[in-house]
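What follows is chain A paired twice: with chain B in the first complex and chain C in the second.
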Partner chain A sequence: MDQPVSTSAAPVQDGAADGAGQSSGMSPGTRYAARSIGSGVATLFFVVVFNFFLFRMLPGDPIGLYTRGRNVPPEQIAKLRAELDKPILEQFLTYVANPFSSTINSARFNRPVWELIFERVGATLLLVGTAILIASIVGTLIGIRAAWKRGETFDSVSSAVTLTLYAMPEFWLGMILLIMFGVGTAITPGVFPIGGIISPGVDPRSLEGILNVAWHMVLPVTTLAAVYVAEYALVMRASLIDEMGQDYLTVARAKGLKDKVVRRRHAVPNAILPTVTLIFMNLGFVISGAITIETVFSWPGLGLLTYDALRGPDIALLQATFLLFSIGVIVANIIADLLYAVLDPRVRV
Partner chain B sequence: MRSTSWRSVAAVAAAASLLLLPASIGYADESPSPALISAEPTAFTVGITDDVDSLNPFTGIVSTAYEMYQLMYPSLTSPSAEDFSPVPDLAESWEESDDQSTWTYKIREGLKWSDGEPLTAKDAAYSFNRVINGNYEQTNYGGYVANVTKAEAPDDTTLVLTVKEPTPLMENLAVYILPEHIWKDIDGKAVRSYENEPTPGNPIVGAGPFVLTERQKGQFIRFEANPNYYKGKPSIDELTFRVYKNADAVAQALRKGEVDFADEMQANVFDAIQGEEGITTVNAEYYGFNEIGMNYGAALADGTPIGDGNPALEDVRVRQAINHAIDRQTLVDKVAKYGTPGSTIIPPIYSTLHLEPANPFTYDPAKAGALLDEAGYTLNSDGKRVGPDGEPLTLRLLGRQESQTSQQTVQFVAGWLEEIGITIDTKIVSEDTLIELNGEGRFDLFEWGWVVEPDPDYQLSTFTCAQRSSEEDGTIYAGLSDSHFCNEEYDALYAQQAVETDAAKRADIVKQMQQIVYDEAPYAVTFYYDLLQAYRSDRFANFVQQPTDRGPALFQFGTWSYESITPASAEDGDSTTASGSESGSDSGLNPALVAGLAAVAVALVAGVVLVTRRRASDEDTE
Partner chain C sequence: MTMTRPGMDPVRTPTAKQVTRARRRASRSRSWRSFRSNRSGMVGLVVLLAFVVVAILAPVLFPPSTISVTQATGEPMSPPTAGFPLGTDESGRSILALIVWGARISLVVGLAATVMSMLIGTVMGIMSGYFGGGLGLVLNRFTDWFLVIPFLPLAIVLATVLGASLINIIVVIGITSWPGTARLVRSQTLSIGGRPYLERARALGAGNIHLMRRHILPNVMPLVLANTTLMVALAILSETTLSFLGLGDPLSPSWGSILDGAFTSGAMTVGAWWYVLPPGLCVVAVVLAFTLIGRALEDIADPRRQGA
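Up next, the complex of A and B:
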């Protein structure tokens, strides 16, 4: 699984030695890391404050909507409204404490938001994590091969397929796969479930349960992976083609190295940087990115929770999910920054 | 070395997936079809699109949650399957005292909760007192007990409720009776976040036809038949509600046989599924209506005018003109698809209460024009209505972002109103924004709807003067009235019906009230929409519709269908898989789509083949 990372990590050290060889001291690296983390924290602070005012600016009367069409006594409605109508500073403190507090309840579910998020986050991580893992391996490999055999049949077919997949809205692809392999058509068997993560009544801790979950994962993971594969393959192909004209490859070949070795140990490590960035950028969206896929496949993850919260609107829950999504993106960016430094010593300077 | 390790990873992965595949296929084949082989328990599965927000009956607000509560807990009475008239549930009989100050309910004898504890009038008294004296508990049930001062159980089979004023609501108290021995340990604070969810081996104690045994949030809710149910154990042994996140998925799941019942289907999906073998569709009359509401003259409950509504709408002739300008049949045909044109605020499904007005607002643009002329809004040379002040008559029309129906309706209505010369400024807003604008009176016309309970009190209350907005610390809050309608005669009749315990006399008053609202026209009721449902008739039979033969087959007031459903005959049951995967008659798919799918599939397969072939040849050259 981590094969691509290890293959790329080793040669980069070569590269460093070949290149400038000036990355000996630790302090520039540490300074670089501190800078990335520092700017991440600053961004997070900005996002926190911005989101607070964003939600305060929303028009609307949530209590009116909750109680419409229900036989709620007026005194009770007034009480519910009073709970929302607190001084702005108190609201801000509550808001900051929100996702970590066990006492602030979601309006829709009447339970602490943290609990709700915690219940759902696993399903989303499983879905998106698996898809990205598969996509990053398959996508990178396809990209490498397509670039190396540029202009040949594999390249033209794979480019056509990846471009098509890349252009396809993921929910649409999901629905197509659902009809083809969930419901079944004249030409395809409907063997996969229509939705959900596990069949009712199956114990998820048993072997049967694990297989059942894997079976439920096939379609949503395929859909999501197909889109990411396309993206990674296209980026990988483009950056490898850029590298292929470089003199150092000619030199490597002149040294008598095998074509495969030239590709694996010289060209790919240098070309893989943009793909790594992309993979980590996408990791940031792991938590939020699957809303449409979760809707199509009724996957009980965070995306659906956000969707439910939006319909409320359930402000406490929305704020917490927004905060979590922002943290996800920021943390992934920091990791991408740091990893970039490891992969490419030039960045550290 | 490296290259072999890459290849071996691929090989291991492929081998693993091959191992996994047959096991999972085998599994998937048996899981979705609750087989009807006699030894197996009969499992009935319902697909829902709105997950239950909470199984705690004091917390949940979505309609699916109430379906769960009534499966778990009894009430004193229940609206009948035939015509919604109150019939005995937990109470065998009931009577109002001669001085109209108390109601006495005779509770069935020898009942048991699902855990074997006795169910007595004390549980009923406890449940009512909990709401009467509660704080949080008031939110969902306060409206039913606002008039009840105390609940007492002098013995195990007698419940006495003391009331402030006589009220017909006492026959329709939708308050669930909870087991005291469980709920007494959950105090007023704990109840706020109490989930009321089962853990393995610990089902939720109830006394309805089914017992809640398992719940996975966002996935499913499972019940088992209650052997202690007072009407006898239901024929279906297991009842599961599976959550899907879009109506289309539920329809596909029904087709495939993953679920046996689909509720709230979209009209296009419903049409596509019609005529499929093994599936029966039900377009049920429903309790809901949609309307174009008008700003009758926004004001606080005390009469202080608020907002910026166009004063033209305060003229009854303008409101009637708008009513005449709307082609309700077209809205039914093009927007609702299944439904009937609307008239009054109590839908015809409640046949004893609904008034069909003798003077209907027919679609008549000429008459609408004449009414506008009469009101002083005449056509100018551009074909626009101009008021006495020389200003063109411009109205804002608000539609709801959450509803496709709403957006389509406002498009049609805007067109018709433009045709009679009114300038329309259409805007789509979220529902909670619309409530705020309604409350503050900052609107002219809007589109929304109501779902009406069997007891008309709540619906009628939304047109009383007292339900107009209220002001607190400078902030204006919406009441239930979104049109700001206020009429003295109507209010007097409302007070009268609220204390009239004779059903026939009350129906009479309710009809008079409908006539007033109809004539005064704060609403143009657009249509009464149908509820579209479908079920696997090859597997289950004996659904009960409420009311008889025209209403919903599930999601009713009461649990009538769940108690009556039986497995269809064994032969039909065996054919399940065949008809489930039968896709020759896939009327939902058009040929172009199928061709597109095939193309995509071929492309994908070709890609895979090429990858593997290239890899092989690549190795040769290396």
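Up next, the complex of A and C:
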């Protein structure tokens, strides 16, 4: 497992443009990259093993559990039983070799699991990507302003708002927004769609279709972004406040630089590092948000698929979505590690 | 063995136990004074106490029959009226009664899950920090794994495997939320691991268990306790999310399962705001209260943060 890891890490090191001309031994950059990729692969392996054994620990007849609530043709049950009667090691190796090619169809949809996931992944990426983009920009700007004007009205108001948003179950915020602006109340107009990704009969490839999807996105994206705005604002504020005590800022001011220049050119570039990696590190939390918010807004992505799977429960599907989410987070963590090393050479040791 | 010091009545010389007790009392009252001067911490404490009192008094305020589906007295999905100040749910139960009873479950689950998570996290953290070499490395790796696996998908999978019950939801939150504490405790353990007094205790014949329990644990405890209140906030949010997804105990309503009821009964599409708004507001209030208390305690435990 070690060998392919270090070879795949080599190009990354070139990108980091670190120790050129080092032919023997690993440069610190390569070692760093190899280490973070290696630990990511180890975690992934752990998740696969965990996933395999967890669902085999289930009490009761596994066949009954996998096929609950639907008519399964006897030949498929026989196939399933044959699979589960194999030695556990053989089952394990088959699973590790290809975790997504389950012999078991989704109980709820009666279709191969990977097919369902493939259909849904785009919608989730669209929702989560847009929300993260908005949240990171708005949150960082709020954090910068709050830290720079520390203790003033803007800071205390934004801190109170961010703490409150942070204390909110995100799906509840979604439900409230849906009632207020989707269904409509006496005081607010219900102008936005109450669910789905596109109105029936609209061609998603036309301009009208794109606008229609954007219209459907407004409420779920706002909900998902609101909670993460809070997080980015808190981290950016703390990071900039840490940075503001540094001597080089005093030097910059002593040189006679304007306050705005000191902030934009000196303090913020250094303080922004943690928020850059936060984008990737937080993917785990964003996924949690996506599961509940897609449920509230019937957004046809992986989150809604997970909800459908757990309401079944549709074990085969649940197993696959869990694995997919874990892979997503692990990959994002590796990217965060590498990105951090590129942005801040001090950690590359 | 009696030790007499000049200027002190030999009979009233305090024992070591009394000295420590007096010192602890002094330190407690110092912490309390410093907490009391923290305004947002005090607001959090008052809000929290109000919820605790309501939760304790639930059976007095609303007899258990009021939250029984079969003995409901109200019209289904009725907006707030004089008899039902917060309206009713789809089977005619008073939302207010559900929320008061829900406070019990949400608080108990939040606290119990936190205790469990703290226990696992502290033990794992101390052990991975104390034992250098193989064991420490393996435990640290294990912590890292759990830290990376996304919380909600893991919790969903565990809850599905274990089945929906109150105990299981506590176990699930406990199992999924300990790595943060373990990380924190590990770094604290590492920082005190090299101190001379540990060396001295070891030279006197102290074993690993004794060293961890009597010398390291007391040093990491303040940090763990300050972290606990923030943990409770997270645990209550987790409980709300899991119950909303239908993984809670169907027989004991928590704020999350009330929201689940609202969602599955279509309360949103008929605009039944009275069904959706109150449980969420309660979650926000309690989580915010714990967060404010936690931040105030952190300021006390770590004086460098004061004024930050």
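FYI, the second predicted complex is superposed on the first by the 275 of 349 C-alpha atoms of A that agree within 3 Å, B and C clash if a C-alpha of one lies under 4 Å from a C-alpha of the other, contacts with A are read in each partner's own complex, and residues count from 1 in each chain.
By definition in this document, a contact is a pair of C-beta atoms (placed from the backbone, for glycine too) under 8 Å apart; a residue touches a chain by one contact, two chains touch by 3 or more.
Source: prediction; values computed, not measured.
*Asks:* Check the residue A:219 against both partner chains and state whether it touches chain B (first), chain C (second), both, or neither.
*Replies:* So A:219 meets neither chain B nor chain C here.
*Asks:* If you stack the two complexes on chain A, which partner ends up touching A:194: first (chain B), second (chain C), both, or neither?
*Replies:* Both: A:194 reaches chain B and chain C.
*Asks:* Check the residue A:272 against both partner chains and state whether it touches chain B (first), chain C (second), both, or neither.
*Replies:* Touch partners of A:272: none, neither chain B nor chain C.
*Asks:* For A:117, select first, second, both or neither according to whether it touches chain B, chain C, the two together, or no partner.
*Replies:* In the superposed model, A:117 contacts neither chain B nor chain C.
*Asks:* Have a look at where A:252 lands relative to chain B and chain C in the superposition and call it first, second, both or neither.
*Replies:* neither
*Asks:* Should A:316 be classified as contacting the first partner (chain B), the second (chain C), both, or neither?
*Replies:* neither
*Asks:* Does chain B (first) or chain C (second) touch A:184, or do both, or does neither?
*Replies:* Both partners, chain B and chain C.
*Asks:* Would you mind checking which one, chain B or chain C, touches more residues on chain A?
*Replies:* B
*Asks:* Of the two partner chains, chain B (first) and chain C (second), which one does A:233 touch, if any: first, second, both, or neither?
*Replies:* neither
*Asks:* Based on the superposed arrangement, let me know which partner A:291 touches: chain B (first), chain C (second), both, or neither?
*Replies:* A:291 sits against chain C, while chain B stays out of touch.
*Asks:* Output the chain A positions appearing in both contact lists, the one against chain B and the one against chain C.
*Replies:* Common interface on chain A, chain B vs chain C: 164, 175-176, 178-179, 182-185, 194, 295-296, 307, 311, 313.
*Asks:* Give every residue of chain C touching chain A within the complex, in rising order.
*Replies:* These residues of chain C touch chain A: 141, 144-145, 148-154, 156-158, 160-161, 233, 237, 240-241, 244-247, 256, 259, 262-263, 268-271, 273, 276-277, 279-280, 283-284, 287-288, 291-292, 308.
*Asks:* Provide the residue numbers of chain B that touch chain A in the complex, in ascending order.
*Replies:* Listed in rising order, the residues are 2-3, 5-6, 9, 20, 23-25, 27-29, 31-32, 45, 51, 53-54, 56, 59, 61, 135, 138-144, 146, 192-193, 195, 214, 216-220, 222, 240, 242-246, 248-249, 252-253, 255-256, 258, 402, 430-433, 435-436, 439, 450-451, 458, 470, 472, 475, 477-480, 581, 583-584, 586, 589, 594, 597-598, 600-601, 603-604, 606-607, 610-611, 614-615, 618, 621-622.
*Asks:* Residues of chain A touching chain B in their complex?
*Replies:* 1, 3, 7, 59-62, 64-81, 85, 105, 108-112, 119-120, 142, 145, 149, 153-154, 157-158, 160-161, 164, 175-176, 178-180, 182-202, 208, 211-212, 214-215, 258-260, 264, 294-298, 300-301, 304-305, 307-308, 311, 313
*Asks:* Sort out for me which residues of chain A touch chain C in the complex.
*Replies:* 39, 42-43, 46-47, 51, 54-55, 57-58, 163-164, 166-169, 171-173, 175-176, 178-179, 182-185, 194, 238, 241, 283-285, 287-288, 291-292, 295-296, 306-307, 310-311, 313, 315, 318-319, 321-322, 325-326, 328-330, 333
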